[in-house]
Structure formats: structure tokens, C-alpha cells
Amino acid sequence: MRHLSLILCALYGFMAPFTGFCEDRPVISSATQQCLDCHGTYHPGIVEDWKKSRHAVMTPEKAMAAATLSRKVSSTSIPDAAKSVVVGCAECHTQRPKSHADTFSHNGFDVHVVVSPEDCAVCHSQERDQYGGNIMAHAWKNLAENKIYQDLKQSIIGNPIRKSGKLAFDPPDALTNAETCFYCHGTRLTVTGFEKRDTDAGELEFPIIDGWPNQGVGRINLDGSKGACTACHNRHGFSMETARKPYTCKECHSGPDVPAYKVYEASKHGNIAASKQSSWDFQAVPWTVGRDFTAPTCATCHISLLTNTDGEVVVQRTHQMNDRLSTRIFGLIYAHRQPKNPDTTLIRNSAGLGLPTDFDGTPASQYLIDDTEFNKRQKTLQAVCLACHSLSWVKGHWQRFDHTIQTTNAATRTATDIMRDIWKKGYASGPDRGASPFDESIEKKWSAIWLFDANNSRFASAMAGGGDYGVFAEGRYALSTRVAELNEWLMLKGKKE
Amino acid sequence: MRHLSLILCALYGFMAPFTGFCEDRPVISSATQQCLDCHGTYHPGIVEDWKKSRHAVMTPEKAMAAATLSRKVSSTSIPDAAKSVVVGCAECHTQRPKSHADTFSHNGFDVHVVVSPEDCAVCHSQERDQYGGNIMAHAWKNLAENKIYQDLKQSIIGNPIRKSGKLAFDPPDALTNAETCFYCHGTRLTVTGFEKRDTDAGELEFPIIDGWPNQGVGRINLDGSKGACTACHNRHGFSMETARKPYTCKECHSGPDVPAYKVYEASKHGNIAASKQSSWDFQAVPWTVGRDFTAPTCATCHISLLTNTDGEVVVQRTHQMNDRLSTRIFGLIYAHRQPKNPDTTLIRNSAGLGLPTDFDGTPASQYLIDDTEFNKRQKTLQAVCLACHSLSWVKGHWQRFDHTIQTTNAATRTATDIMRDIWKKGYASGPDRGASPFDESIEKKWSAIWLFDANNSRFASAMAGGGDYGVFAEGRYALSTRVAELNEWLMLKGKKE
Amino acid sequence: MRHLSLILCALYGFMAPFTGFCEDRPVISSATQQCLDCHGTYHPGIVEDWKKSRHAVMTPEKAMAAATLSRKVSSTSIPDAAKSVVVGCAECHTQRPKSHADTFSHNGFDVHVVVSPEDCAVCHSQERDQYGGNIMAHAWKNLAENKIYQDLKQSIIGNPIRKSGKLAFDPPDALTNAETCFYCHGTRLTVTGFEKRDTDAGELEFPIIDGWPNQGVGRINLDGSKGACTACHNRHGFSMETARKPYTCKECHSGPDVPAYKVYEASKHGNIAASKQSSWDFQAVPWTVGRDFTAPTCATCHISLLTNTDGEVVVQRTHQMNDRLSTRIFGLIYAHRQPKNPDTTLIRNSAGLGLPTDFDGTPASQYLIDDTEFNKRQKTLQAVCLACHSLSWVKGHWQRFDHTIQTTNAATRTATDIMRDIWKKGYASGPDRGASPFDESIEKKWSAIWLFDANNSRFASAMAGGGDYGVFAEGRYALSTRVAELNEWLMLKGKKE
């Protein structure tokens, strides 16, 4: 295809707008050119990926000239030096050198390894601002500084050891943390020193960065900022196409704890996308429903700016993804309204625990969004549904989803009541005795009920992937089985007494 | 690619046959045009999807002129009014208005929401007829009116409650039913009333439809007909390409209870399809083996009209998919010959239960196909295999599959004998005490053995996806483990007595 | 696209190099032409697939003329008769007729059914040699002639039976073996006789081959050779594109015992590949990092010849895949260094068992690679990483992986110590009583810990797919749960005594 385009492009100059191969040569800064000269040989993967990117052919100045809905650059003022050259190595890796703890002298340049959202904000300030209000930006702290999550984490990734016959879990070490939970949540980066290395280009000095590599959504960067744009906009192509395809989200949303990708894949939407996406336009901004694509991906519903074929806005773009989310259906014991503040360490339930509900399901309402906000968010998301479905279709769908939130919470309540009886009777050591509610074998059965099964049932409902997947693959069958096993375990213990 | 085609098409008129973009303008009925005028703005997803469809550019008259093997329209007589215009909104949604309970007056038209196979049959009568003989068309009744399935369903999707310490499952409610089992099996639609709504186009009246939305294969429609063509031919593109790709089938055939998609994906056929399908022709009718595709998808083996490169028919198209299926390998305790009648509620085993075998595996033979039919179906399917494989290859494959049906039935028999001992000894309450055989924790272990494990082993065998998937991902490892656990449970109970 | 190319090709002769459709007509041997004449009708799938292949258009002579790095044919001398014609049916299926036990007289030709690596070696001798040193080539014997694996196999795929209340597993029969473990490992083929068949072309005689069909990596062929090139280079297109895509590897590397594909799919690499591969060049030799692809597939890291954009070699091609593997992270109780010899039946641990470690994890070091070889292999693989990542990135990644090998081995040690206590106390019958360590329900829980859970944790670490997948989908959550259950079981037994 590329070869064909080149030929045709040579033949007919007028084809340029369709191929992009005959445009003016991009202006590369001399700093970036120096980077490319060596790294083209050492890191062809990085350099070639970038060369294929929009960053490599487009100056911010040109990008700013686009019509409002087509603009990909949200900043209204960009420094002149950055404006007139394409966005190359130096434009990002030498940005704001004094702010980055990993800045080091490299062939005459003050380079830093880890590019942060603050660097990207030179051109994409609105996205940085929105993302900061997103719960994802706070993912490191929300996990690392919540005692009850730390406890859950230890019982899952801590190494199992036996202490006088009893099983316990060691506190997880930094390396394990970094490749498991914080792989997605983001690590906290720190510079622990600098080292000299013999390289093909002579002796050079580099920073040593603890927690590196990482591209988690809530990474604590070396300039103190939060988040990694590269979690979704992967280096060094920063391809909109990739970010809009569901594979990106899958990296962190595929396990049974947050099965968005799997449910999507099993839904009608996922079916159509798998079958038809090669004919869709994943580059178009704005993204026109029906014309550019005929079924939604994750980005369609949760992030992208959508218009109808008359050019009217269906929904505005947002990088604060909870703008379109009313209920938090995963990760906690009970589904509940979205938190008001993206820093969820502020939340306390009536028992003083860092949970958005009590063990009986009562929500910690003052920390959660109110009716107005709830309805606003639901309506925003439903606007997307309505671009392809009639109102009666959409109402029917949401009625089921609301109902499933209730029934899965009720099922979780049944399971939790059984678990609390187990704790009360001392068959397992729970929070009432100051022990972890997560580390014993029977407690793990209980946690799987809400963390996996109730949760899968809700996702399947939310995304209409409910059929076979939500009943048998994950969700209902597992839920009913585990609750039955949990109760059998309690009854058996009771008999023995 | 689309832009490129347009340009080239303008340049060389002769390219029209290859692109379809330079054909005569399609004739759209004035009724459809009125629909499009508003809904293009309100529902761009629907309208644009349709615009890309064959329905939007082809009149039935032209479609009927195709050579026999290439015809996509099977009806031999089509009313003149429908014949000469493309198949648009009005052609389907105002078809047979008096037959549909959801017909409502809408801007001067008698419109119905739910299009049924009877509407599609105006042009596709043979497909309607065949599909009516398909077990799928009866999927609603086969589940809803079989007591033992209702019982199984309740134990899976019913909400768990505790009654004096014992666990029970509530009968599933309508909303849960609709988004789980009947999502695939189809809901029974009913009009419960009409409501007025304020819309952007003023106040309008719409029907309220219970069970909507739904696209399940056995949906009971508002004209009393059975089935939803849109289960596979998704709205509003009705793309043959999509129906022929395996993602369509995945929606209802992905869980461990009927793992067709997963096994396919892990098979050599699935590997080749994933790697090569972008170069295949999914639009060609007839579908020529080797030329249009080089490995089968689900549709290839089970539905499509196939020819060899000499234009000779390999197999005729069928929408009664069991035409090519001899053994029913899933969903019931034992694999058994396909039922004679697609209405499986007629079946009774020797104990009078609505099951095709006894608990010891003896088939209810009078309800199942005989040798002649069995051999005929097997031969039809093998004709597909033989288009790409030698006879010795095909014989070797089927010998293994036949054998695996026997051995997995034997393993299920072992498990069921253990379960019957458990019931007999009263360690669980089974059908001999009038209780459900499915709702206790140990019964769920037993049902997983045949519903998931034996079944996965058979699918892996049937589709030569047996290697790693059928041993470790699902199937053999799980089967041997669960049978061992089942027996350990019985032995433990025995010891305690 | 194909039609378009044909047209354009007719218009402008100069386009030939880009499409391949206007080249000189390929020279087909008269023997192959005779095959094609009949089999084109009988087996269009085979013939058309071949017609689209490089084999069908390229003579070995031309292939040998390519520049060193671009050569796909490694043999330096090829017989004249084979050299000047394209590689058709006869060139492979009548090669070395006296060496193949399945050679039969077929319309005047001495044809054999099963083409072996020795046949392929006429042109691809280097690949045959390398593959012979690959552990995969020995996969049949490594499984079939290792007692402890046979024992594990019987406990998984053997049919479950009850003997006086106790559960046992029958030794697996040949047909079950062939479609499960040996589907991937390869069957041992034998000719058991010849049979006459009435065919559309009259009565013909064919060999009867036990173990056929099979394309397992360690298949024992009818000329005594080992392996099946078609395991990855699938018939009859032998497409490099297919072999380089991850779907090929998935066939045997998808289950929880060796989850390479699943982890890849959940990794950043897999995300990029899924999103971008349609624009990559899967045909290019050498394969240029960044230009031909922007993220690795399985083949990239483990097999292919890679160059940078300056044409410098990053890694040489190898078909001895363990050339780039230092640690064996799956299939055995503990992760350990790769074996020196691909015939792993030679290995003995200190207890004389055919295992590379003792039950406490101590490696059978004299059978495993030494430091020099270990470091060499690690460095070879890291050269691939370094083509796209900085040294600090690569070091950070490998540090985590090395650490995870240690911690998962430690977790397995905890589990194995519990299991050994269970055996010692006689709660289960283990190897100390001459019984299988794998066939009882509690032993299956133990084996799942290392065979699935520790193993998944390592794969997730190795391929940076660790996030959600390695914690919740498979790996850590399951590991901590199963170890807790194993210990609870032991404690419960202890209490009852």
C-alpha cells in the first residue's frame, strides 16, 4: 500500500492530501537532529516509530491552525521555539530541564529520561488538566496509601511462607510491586544516583532511576507530577489509532477484577469492531459516528469527541474519564456512586475504614457524587448510546444495568453476611479481631465473589456482553458456585463444633 | 483506501466493477427518504451503517438477476413495490404492519420497531424456512419450557439468599433473565402499552416493549414468529463479511459451556484465519475454497455455500445449521445424537425427564436422529474437510473425535455415578428426593464436569484445537481434577459417618 | 486490492516489482503439473493455498541469488533438477522416496504423504540443523520416555475410573494421546499397512498411517527424522507472514501451563501489534527493526534475523530457539537454567528422577547450561530489547524478571514443603510410598501451583505483561489462594487426627 501510494503520488500531484507522502519536508530542530544521528543506529525501534508519527511531520504552529473541532493541540499559547519545529526527541526530553530530577548532561544537552504530563502540557494543556481530575492520575496514592488495599495487596502478591504451621504472606518487595499492581497503577520514581557507562559512543553518565521502567496511569514522575500519557499513547508513535483501539485498554482492564476488554470482545460492539475496524478511520478528528466507525471502542464511549454527520457535537472529548461514569462497578466490595474526589484515600466509611461502603453495603455518601452529578454523567454517556440506538433501546438497556447493580450488591451482601458469621464464630480471623479480612483461604473465596464474580456480572450487563460470557465464562456461574461453597464451609464448621 | 478508490474511479470509468463506487445511483423509496432525513441527524450510527450496506445500493430486482449460485436473494417472487427500490428503512420497518403488535403511527407511517424473520422473508424466504427448522429458532421455548433447564438456570442466575442457614437461589427475575440466558436464547417480546414522549421533533408516541432490546437467536417476535436474523447479520449493515467472521459466533459461543470460538482461535484454522483473513474475500458468493479463503471460519463449515475452483458445489448453503451436525456435544449431561425435532421440549428420557439421555447415559433414541440421517450429516460436513485435506487425514481426525465422544461420556458416567451415590446416601438432596440436582455446592462441581470439562474436551477434539488449550486451558486438566475432588468429597463424608 | 493491483500492473509495466503479479511465468515441473491437474479439483484448498505461496513462483536458483542477509534458502548446493523449477507438489512429496516408509505408487509416481524436515533440508539445511538442536525437535521422546511426565500425563488425560471407591486414571490410549499432549509434542508415525480405495479417479492404493494427522513440533517421521516444519510454517502456503505472527505460537503456547500468547496479548508489545500490524511488513528479509515493524512478535525475539536501519545485524536468525533462552521458566516444578542437551530424558536429579531439580529446588547442575552459556544467551536476547529500549530500561526489566524467578521458586518451595508434609503424614500417597505425586485431588492443587500459577507469574514478568493479567487473570491471585488452600487442607487433616 505504501509503495503503491508513493508511485501514484509521483504520478499525480493532487493525491498528496490523501497520502501525506508528498507534503513539505518537516522542520526538525538541530537538537533533535543530533539525537537522531546516533539513536537512529542504536535504537532504530524508537526512531523509526517516531518517524511514522504525526509528531514527526507536524509543527505545533500548523496543528494550532486547525478548525476548533479538529484541533489536536489544546494549548492556546506555545513558546515560539517549540512552535515552529516538529515535536522531536529534544522537544520533549530537554523540556523544563530543571524540574526533572533525572536531568543529566548528555553530549551538551540537559536531557531527562522520563517525560511527564507536564512536558506534554506544553501543547496539550487541556488534556493534562482533565487527566489530573481523573481517578487514574491518583492511582499510585490510592493504592499505596490506603491501608486496606495494602492489606489486600499483601495477601495476593506477598510471597507465601509458613510460620509454625500457619500460612502468612510477606510484605511485597519493591521489584514485585513494580511489575504487578504498580505496573498499572504506576510506580513512584526516584533518582538514586548516577553511573558512568562505557558505550559505543564512549564513556557517558546516566541517572539510576528506582521504579523504572514504568508507564502506569498514576506514575509519580521525577518532576513530582502524576501520570504517564504513554500508558495509552504509547511511545514513540503516540498514535491516536492505537489509543482508540481496545487493545490499549486491555493492558490494565483484562483480568477478572476489571474485565472491560473481555466483555467488550464478547459483545456485539466488539464483534463488529473485530470484523470491520480495518475499514474504519481511526485518525479522524472529530470522530464522526457512523461515517468513521460503525461500532464503539472503549475510547468512543469514554473519551473521544464525537460528532454526527451534520457536524454537531454528540459528546465533547474528555481525559477525565469519570466525566461519563456514574457508578463505580469494580474494585470494591459493593458497587457505589463514583467518588467526588479522585484522591480516594480521603474516603472513610462509618467504621472509619478507607472504603466507600460499610460491610453491609451502606454507602459513605458524603464522599460520593450527588444526584445531580450522577444524572449528568449518566446522560452524557447515554448521548453516545443514542447516536446509534433508539431511546427505547437505550432505556431498556440501562434499566437492566441499574437492576444488576442492585442484584449483584444483594448477592455480595449474602456472601458478606456469611463471611461475617465466619469471623464472628472465630472460624477465621477477620477485622473484628484486628486481623486481615483477605489472607485466609476462605476469605479469598469471599473476596473473589465481589472482586471477580459480582463485578463480571456488572461489566457484562454494562456493556451488553452478558450472554454466554457473563453467565458461564465469568460472572454468574462462578458467583452462585462460590457463594454456595462459602455457605457449605460455614455449615461444615458449625457441625463440627 | 476508500479515498484512493474514488479518485481512481473518477480517472478510469472501467474500474467501477471493482469498487462499486461508480454505479448508478440507487433508487431510494420516498418513504425511506423521509426516514433518512430525520434519523440521519438523530441516529447517524444507524443511517451511515446502512448506507455502507449492500441493502442501500441494490434493488431486489437486480439481486434476483444473479446467476443461481451467486444469488443472495432466495425468494422467487417479490412484490413489485419492494422489487424496484433499495432495501431501506421503510421497506423493513413498515412491512406487514398489521401483523406486528408494536406497529405505531409515526409521521404518517405505520412503523414497527422489531423487524422479524417474516419481514426478511420477503426476499430471503428460503433462509427463513431453513432457519425455522434450526434448533436455534426454538431456543426460547427449549429453555423456558423445559423444567429441568429452568431448574439449572435458577441455580446459576437466581440471586443467592440464606434461609435458616441454608443457601437457596431465588427464581430469576425478568430483567436478569433478559440480559443473561435469554440474551442469546432470545426473549419473548410483548407490547405492554404505548407512551408519548417529547422529542426534538415534537411529541410522538412509541410502543413500550417488554423484553426489548434483544437479538437472541430464538426471540419470540411481536408477529409471533421466532428468531432474530440480526443475531448474526447485525444491524444495519447486515454485512455478510461480519456474519462469516468468527467474532459473530463468539457472542454466544465463547463460554466454557460452548467454547467454539475459543477452541477455534487456538486451532490451526484459527491461527491461519487470524493471520491471513485481511487478504481473503468475505463477500464472494459462492465462496470458493482456496481462492476466497485458505482456512475455514465457523460459517464455512456450518452454513455457507462452497464451491471448488471449477465452480462445482462442495456443499449447499444452509441456515438449518444442524444439517451438518450429527452429534450434539454440549449443553447436556452426555453427548448424544442430534434431536429429530428442533423443539426439544418434546424429548423425554426413560424416567420421564426432559433430557435426551438417562443419568447413566442411555439415549432417548426415539427422539434422536437415526443412522441414515446421522451418516448423511457427517458426510456433508466431511465434504468441507475434504476440500483441503486428504481422505486419510479426514478419517484420522474423525476417528479421534468419535473416540473422544465415547471417552468423555465414560468420564461423565464415572462422575455421575459418584454424584448418584452422594444423593443416595443423602449427603446432598438430589432428584430422588424431589430436590434440584444443581443447586448445592457439590452438585455444581458435578455439573461443571459435563457442562464445561467433558464438553471442552469434545470441542477441542472436534475442531483440532486439542493441544495446549484442550489439555490445560479448559478440558482435560479441569476434568480430571474435578472428578478427583468429587470423589474425595464423597469419601470424606463416608469416613465421618 | 488484488484486482486493483492487476489493473494497475497492466497499465504501467514498471509496477511489477511492487506487486509480483507481472513477473515471468514460474516454471512448474511436469510432475507437479500432473498433481495439480487432478488435485486442483479434489483439493482446491491445498492447491490454491500453494499457488499464493512463494514456493509457487520462485525457483531455488533465483532464491539462492539473493544477497546474504536476504537469503531465505540456506543450502549452498541444491541438485540441478530441483533448482530450476518452482517448489511444487512433486518436489516435496516425491523427494527421497526410498527413505519414507509411506511411499506408495500413485499414477506412476513414488509419492509419500508425510514431508519431513529432511525433505525441506534440500533447500533449508541450516534451519534443519538448528532445529535439530532445539528442545522442540525432541518433544516426543522428552514426554514419551520420561517416566515422571508419563505419570503426570496419565493423571491428566487418563480416563477417570472408580476402583473400590477410590479414583484412578486409566493409562491414556493412543487416540487420546494423539489429540492432546502429542498434538503439540508430535506423534510417532508408523505405517501399519496399505489399503485400496475407490476414488473419483478409480481404484487407488494408499498407506495407512498410525498417528496421522499430526503436525507436532517433535513428530517422529516415517523417515526416522524428528519434527514438523508445518507446526509453524503451515501447509501449503508456508507463509513467513503467518510464522511471524503470534497466532502461530498460540496453538501450543496458550494454556495456563505455558501462557506465552495470553501474556503477550496483554502486554504493551501485544497491544501495539494488535493495533498496528496491518501496516507492518511481515515478508521482509532481513527484518528491519522500526521500519518493518514497531513492536516485536514472538518470532522477533526468539527466531528472526533482525537488522537496524543501517543494515547492521542486531541478531542472527536461529531455529534453535533456546539460543536466546537462558532460563526454563515453565513445565517443571522449579524454574531452572536451560538444559545442555535437547534430549531431556538424560537428566537425573539427586534422587535419580528425570527432573532438572530436586523437590527442594536444588538444580541438577551438571545437566544444565553453565554461566558462560547462560550469559551469552541472555545477552543475545537483550540485544533485541536494546533495539527499542535504553540500557537502563532493559536492565530494570531484567532485574525484575530475575527477581521473580527467585520469588516464584520460593513460593513453590513453600507449597512443596506443605505437600511433602502431607505425603509424610500419609494424608496422600506420594513418591515416598511409590505412588504418583500427581493423581490425588490435593496433589492436583499442588501441581497447579507450579504448573500454572508460579509459571504465569514468571511469563508475565518475562514479557512485561504483568499488570492486570499476571495479578488477577492468572498468576498471583491464584498462587496465593492455592497455597492457602493447600495449607488449610493439611491443617484440617492434622486437627482430625
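Each chain carries a letter (A, B and C) given by its place in the written order, and its residues are counted from 1.
What we mean here is this: contacts are C-beta pairs under 8 Å (C-beta built on N, C-alpha and C of every residue); 3 or more make two chains touch, one makes a residue touch a chain.
From a predicted model like this one, the values you see are computed outputs, not experimental measurements.
Engineer: Same or different interface residues for chain B and chain C, judged by whether over half of the residue numbers are used by both?
Structural biologist: Different, since under half the interface numbering is common to both chains.
Engineer: So if I superpose chain A on chain B by CA, what angle comes out, to the nearest 5°?
Structural biologist: Fitting chain A to chain B on C-alpha positions yields an angle of 120 degrees.
Engineer: Taking each chain's centre as the mean position of its Cα atoms, how many Å separate chain B from chain C?
Structural biologist: Averaging C-alpha atoms per chain gives centres 33 Å apart.
Engineer: Two or more other chains in contact with one residue: find those residues in chain B.
Structural biologist: Touching at least two other chains: 1, 278.
Engineer: Looking at the complex, which residues from chain B come into contact with chain A?
Structural biologist: 1-4, 7, 40-49, 51-52, 113, 155-162, 165-167, 169, 173, 175-176, 178-181, 183-184, 197, 199, 206-209, 212-213, 215-216, 234, 237, 239, 241-242, 245, 247-248, 250-258, 278, 439-442, 444, 448, 451-452
Engineer: So in the complex, the part of chain A that touches chain B is made up of which residues?
Structural biologist: Residue list for chain A touching chain B: 1, 5, 8, 15, 18, 265-268, 270-272, 274-276, 278-279, 288-291, 294, 308-310, 312, 386-393, 396-397, 399-400, 403-404, 407, 410-411, 414-415, 417-418, 460-461, 464-473, 476-477, 479-481, 483-485, 487-488, 491, 494.
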